[in-house]
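What follows are several structures.
Across the two complexes that follow, chain A remains constant while its partner is chain B and subsequently chain C.
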Partner chain A sequence: MNAIIKDPSASLVPFKARLDAVTDPARRAALGALHRVGLPDRRVEAWKYTGLRFLNETAFATAPQEIDRVKARAELERLGLTLGEAASLPRLVFVNGRYAADLSVEPENVDLTFFSKMQAFGSLSSPDRDALTALNAALATDGVQLTVPAGIDAGRLLLVSLGQAADPISFHPRHSVTLENGANLSLLCVQSGEGRYLHNPVMELSVADNARLQHLTIQTEGDDAACLATLYAQIEEHGSYDSFVLGLGAALSRHEVHARLNAAHAQVHVNGAQRLQGRQLGDVTSVITHAAPDCNSRQTVRNVLDGQSRGVFQGKVLVERIAQKTDGYQMNQALLLSETAEIDAKPELEIYADDVKCSHGATVGALDDEQMFYLRSRGVPEAEARQILIHAFLAEALGLIPDELAQTIATRIMELRFPVTGEA
Partner chain B sequence: MPAVTETREAVEKLGQSSYKWGFETEIDMDLAPKGLNEDTIRLISARKEEPEWLLEWRLSAFKAWQQMTEPTWAKVKYPPIDYQDAHYYAAPKKKPGPKSLEEVDPELLRTYEKLGIPLHEQAMLAGVELPEGETARPPVAVDAVFDSVSVVTTFRKTLEEAGVIFCPISEAVKDHPDLVRKYLGTVVPAGDNFFAALNSAAFTDGSFVFVPKGVRCPMELSTYFRINARNTGQFERTLIVVEDGASVSYLEGCTAPMRDENQLHAAVVELVAMEDASIKYSTVQNWYPGDENGRGGIYNFVTKRGACRGARSKISWTQVETGSAITWKYPSCILQGEGSVGEFYSVAVTNNHQQADTGTKMIHIGRNTRSTIIAKTISAGQSDSTYRGLVRVLPKAYGARNFTQCDSLLIGDRCGAHTVPYIENRNMGARIEHEATTSKISEDQLFYCRQRGLSEEDAVGLIVNGFCRDVLKELPMEFAVEAQKLLQISLEGSVG
Partner chain C sequence: MTQFLDIAGLCARIDADGQEKEILRGVDLSIPPGEVHAIMGPNGSGKSTLSYVLAGREDYEVTAGSVTFQGQDLLAMEPEERAAAGLFLAFQSPIELPGVNNANFLRTAVNAVRRARGQEELDAVAFLKTAREASKALSMAPDMLKRNVNVGFSGGEKKRNEVLQMTLLQPSFAILDETDSGLDVDALRIVAEGVNRLRSPSFSALVITHHQRLLDYLVPDRIHVMAKGRIIHSGGPELAKQIDSEGYTRFLAEAA
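The block that comes next holds the complex of A and B.
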């Protein structure tokens, strides 16, 4: 898109002092790209439905070094991560984007280091194209750099991000997860916080031959926060990346996944659900690139929108010339609960190979009158009937999370925000 | 209309994959100097003996256009267009005097004969000159536009008796200025987009249709456009107004000579449907698509929009797009009246190096408005074809309903087919469904046909016609036969 942005650097004012202080050559390169295009506005096609006004209103400082450990522990407890089976999981906890070793239990069987110790940007991301990735590259301070060695099943790993903002801050974690041949991992990311902050993570995920990565992200950030996440996944032969994002929090959120099926028989699932209310804006964007034959991709995203919230879904499936026998499926569904909620959906197929089976579907509607009538006629009060139907709509999506424990955690955290009873 | 009198045999005579409408007609032309500026616009306006308000309107559109930049969001690629390197007015030289068919340059008449367009009412009415084995067709009124001007409009008497006005828009400006002034630019404003602004500044002719209250137009209306002269752009403007309870069916067809350079066609079509009115607008777009190496061909950058102003009004767009080097076209419906209905049926075929970015917009404003979109896209050769459509439901459109189905078929492994739907819903009482598929011709179907002795090309033709059936059945009967043949010709050489 050749949107004309008069002064690209004007959009960078909230970060100016920090960006000016960047000296590292690798970071300067990313910064160059950022200065050229600036942060995207809505004239940029990929940001047509999601404005970044949130960022223009405040200057975002670097997060202070000291963190409130008591509060952090309480939050982990509130989220139910210290309960039952979840309590015994290895966990890596980041507060304001910095690793908090004393809150963490490091996993075994994996090679683990941190961005703060060994700065590595990886090769999957594209700061030249994605401004928020460039912003991350310029300002990243910490992050996980994890490798699961060949043939190892590393089980489950919790990766928690907590925001604690007194004054507006921003943090830009830089994670990379690599699964070597035949490795296995179930990664559970939980993001929460309070205060006004920008959480701008970039995650590179590399899945080698026959490896399997399951990835659940539960985004329940603070009501006054913005979470703009970009994920880059590359999947090799017979590898599989099975992801799900549950969007519940933040005033402004965008979960952007770039998945590349790089060798034959690779497989990717980019599923998700959003439940928004108030004036929230939640954006689920994905670009799935079929770059090899015989791959398959699946995507189901469901939105439940109440209040004046706005849900955005942009899903692109790109099938390159070489990617014959591609099987791609994409489904986006939205349930509008109020007269002021809005859904903007743009499912997109870009196909250059002829022997493919690709389809997408989208539906938008209110709660089904007949279903409501069915429940009401059996004596279920209206508010409860609504809850049952909403729950059923989302439960079907959450059922796509392959790891049962992950599914339980996701459901529990959703119910923290939306108690099943007592809500009109 | 080629569709109207084109016979199967005529089409079948076509040997190999070639564009049969590619001839050029040698006619004395009246050309404006190259380039677009205020003087050219004044010249066009003067030649057309237009009233002052229209000149002002053109000039304001021109001012707006100068401030605008060419849109780049469509998935099409072409070298930059030099807008100053074309003639904005080209008309066959005509002696002054009454406009009867006898006065028309015989060379021009021969052109239309070649194209198979019935300009001779008598012959049509008598129905005697039809070849054996062919049944008489119902009469169709035709407005033929040659480069920039309308050369002849048939059946005007019959239509006048019914109260229907069907004439070149340049005549309508003179004979029915109030009507034109009331509606012109109300659906597609002069500064709507880059190409619409260009058209508003430089449009030369087009058709005007007015169907008064309660009248069912007694025959199909049709306009036939042809670009003939070199280095000209064609900027026609069509305005169709249908009053309460009235209805009309309108057909549009187009061809151009084969040339190495590209020619620009930037038309605007405006439809207005009042209460209980219905408009059916069918297009068979067959501009010269360029040769198999992608040289030449028409750039078809068109703005088509209909406004369903009255309650229960209905606008239905049907298009078969086989021509043009580049197509940029989104026939739209603004569904304002309560319970109004918008429909879009489209077949877009691209072959060789053609590029098409086409689709529709359905804007639901009124309560209980409904829209249906059926788009079939076929790509062959090294072409690229994109469906781009918008369904927008505004907060007051309670009970709005949309169903969209987009299917793409790829023939060969060097082409591309893309689907880009935009769905924007701001009403919880609306229901929107969208589905899209992309596939190739199934081996099973092909095998089945081949086994029964069909050649591969015929088999593909048959399967493609089946694929497009949902759309083709919406076309008026005469058009449907033509469209089927056209599909087959467009895809010639794409298999085997």
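The block that comes next holds the complex of A and C.
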């Protein structure tokens, strides 16, 4: 029998020297869990469709201290974050996982500190259950620790992550965002970079009574990067967490959200869109737990997959016995642009309450022949007609982003990667 | 031969659930420049198929015959090339394009056609001015330019949107496939006026209809009766009234 039991710590070789150097007692539990189970392979149900071979191929070093500020500024500009209305927003910029104060404009009206100054791991994440959270807990060095005080509307805040990797590096930012009672925030996370790196953020999001957090993540990481993100959100009475992830970049990405509706009339949206090509793999995974009555969850994820890319959607909705009058909706839709693109969709409903309304659905298809013909019969060339229909499919998803400026920024960054030719 | 549009011996079939179905069985039809012709005929006679084949829909296989449009072999052209060459099809059931803004769609189409015709593209301001004027002339609600293409449009709004596209694309040959169906009398008049405004020595049209009513407003130069995939009778505008009172029975009997 021994032959099939593999050594879990073998998967940790790319990080071995750094993990061996961890002495901090606060990280020891995470480290123990990590050594016990190792990084998941595809025999682990939650990772059935998403292999982590990317990580086995190279050793990932700690990022060097010095960063290229000229390049970082140029990248902020390229992303359109220094233009127009976006330029006036407060922004927190991390380069290779470290806060870069001189590239940032700190927000007012919020309590702001950093993980590098005050190592608080928070209580929402579970390193013992999730290896990538454990990896983060073992190796995290920096991150934003932000609180919006009760009753304050903090407006918009940009949180930017830039990767600059000459040699393979990994960074593991540890973010925490807390909205006190009745607070408001629109958080725009933009992730980009170049070179071979692993971006492994963990973010804890705590939304108190009557608070509203809007959260857009635009993942446009470098072509040779991996981004494995885990988010833990807890929403209290009449609170709302309205999130959207736009996945465009990285060779390998996973955006995993654990959202807990913790008190009555809480609401969560875990929406998203992915547009992949080449050999990219993009995984949107979520676990939404209804732990109180009268809560409402909404999830629409749209995928556009070209080349040999693969999209993964795993969406679990867990309705606990107490969570009567739950209203849950989940929809995953994929547009396959090539014969070799693939979508793996796994919706899961686990319901213990008896008075609930939960629906889910999935669609997979190619571009519609009638729509193509209609456009072409109006003189629009075939390639342009395809772009228009793809854009429209995603535009409908992006329409779910409630903050209009955030929607504009998302559309612009998508068009940087996928220019729409000739469209008005 | 008219040197404008000449259809000769056109046969086409469609693959329906694995079975080849002949729909056009030798259509002969010539339309000279500046004329409006109407096609009438019972359901299933191949009228819509003819319009799709002329516009270049790929579902149909042309098995025999030819179509010459202003000296060019129409059947060898892509749908977008046919549009650039001046052909326009007003769809019987206009297609909805969720997520595509109507004004953007119209401008993209107009500029694609202008590019292909070697004309300068219109900028957003100039285009919107033209589009607003044209939609006003068709009594369209101003918000229809802002909405998604045909999404949530009523039947009548969709048909007007087709005529709006036709107006903006300035075709030399338009096919109107039952553009009158589902329209009330007022809408019918507005749509017919929209087509009449385009009438000129350099504009021809083929109007497919079931009803004489449209032809009261849009008086054709010729009327053709189509049945079983062929043109079985042709005549002047007076033919519409005859069909309206007698039906197709006599023509079908003569053709048999």
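Simple rule for what comes next: the second predicted complex is superposed on the first by the 416 of 424 C-alpha atoms of A that agree within 3 Å, B and C clash if a C-alpha of one lies under 4 Å from a C-alpha of the other, contacts with A are read in each partner's own complex, and residues count from 1 in each chain.
Everything below uses one rule, namely that contacts are C-beta pairs under 8 Å (C-beta built on N, C-alpha and C of every residue); 3 or more make two chains touch, one makes a residue touch a chain.
Note that this is a predicted model, so its numbers are computed, not measured.
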Does the superposition put A:Phe393 against chain B (first), chain C (second), both, or neither? second
Applying the touch criterion given at the start, work out whether A:Glu384 contacts chain B, chain C, both or neither, answering first, second, both or neither. second
First (chain B), second (chain C), both or neither: which does A:Tyr374 touch? second
Counting only touches as set out at the top, which of chain B and chain C does A:Glu108 meet: first, second, both, neither? neither
After the superposition on A, what does A:Glu45 contact: first (chain B), second (chain C), both or neither? first
Counting only touches as set out at the top, which of chain B and chain C does A:Pro347 meet: first, second, both, neither? first
Most chain A residues touched (candidates chain B, chain C): B
First, second, both or neither for A:Arg321, with chain B first and chain C second: first
Contacts for A:Ala366 in the overlay, against chain B (first) and chain C (second): which applies, first, second, both or neither? first
Would you please give the residues of chain A that touch chain B in one complex and also touch chain C in the other complex? none
Which residues, counting only chain C, touch chain A once they are in their complex? 55-59, 78-80, 82-84, 88-89, 91, 94-95, 97-100, 103-105, 107-109, 111-113, 116, 124, 127, 165, 169
Can you check the complex and tell me which residues of chain A touch chain C? 369-371, 373-382, 384-385, 388-389, 391-396, 399, 422-424
Considering only the defined contacts, which chain A positions touch chain B in the complex? 1-2, 4, 45, 321, 324, 334, 336-366
In the complex with chain A, residue positions of chain B that touch it: 69, 72-73, 395, 408, 410-440
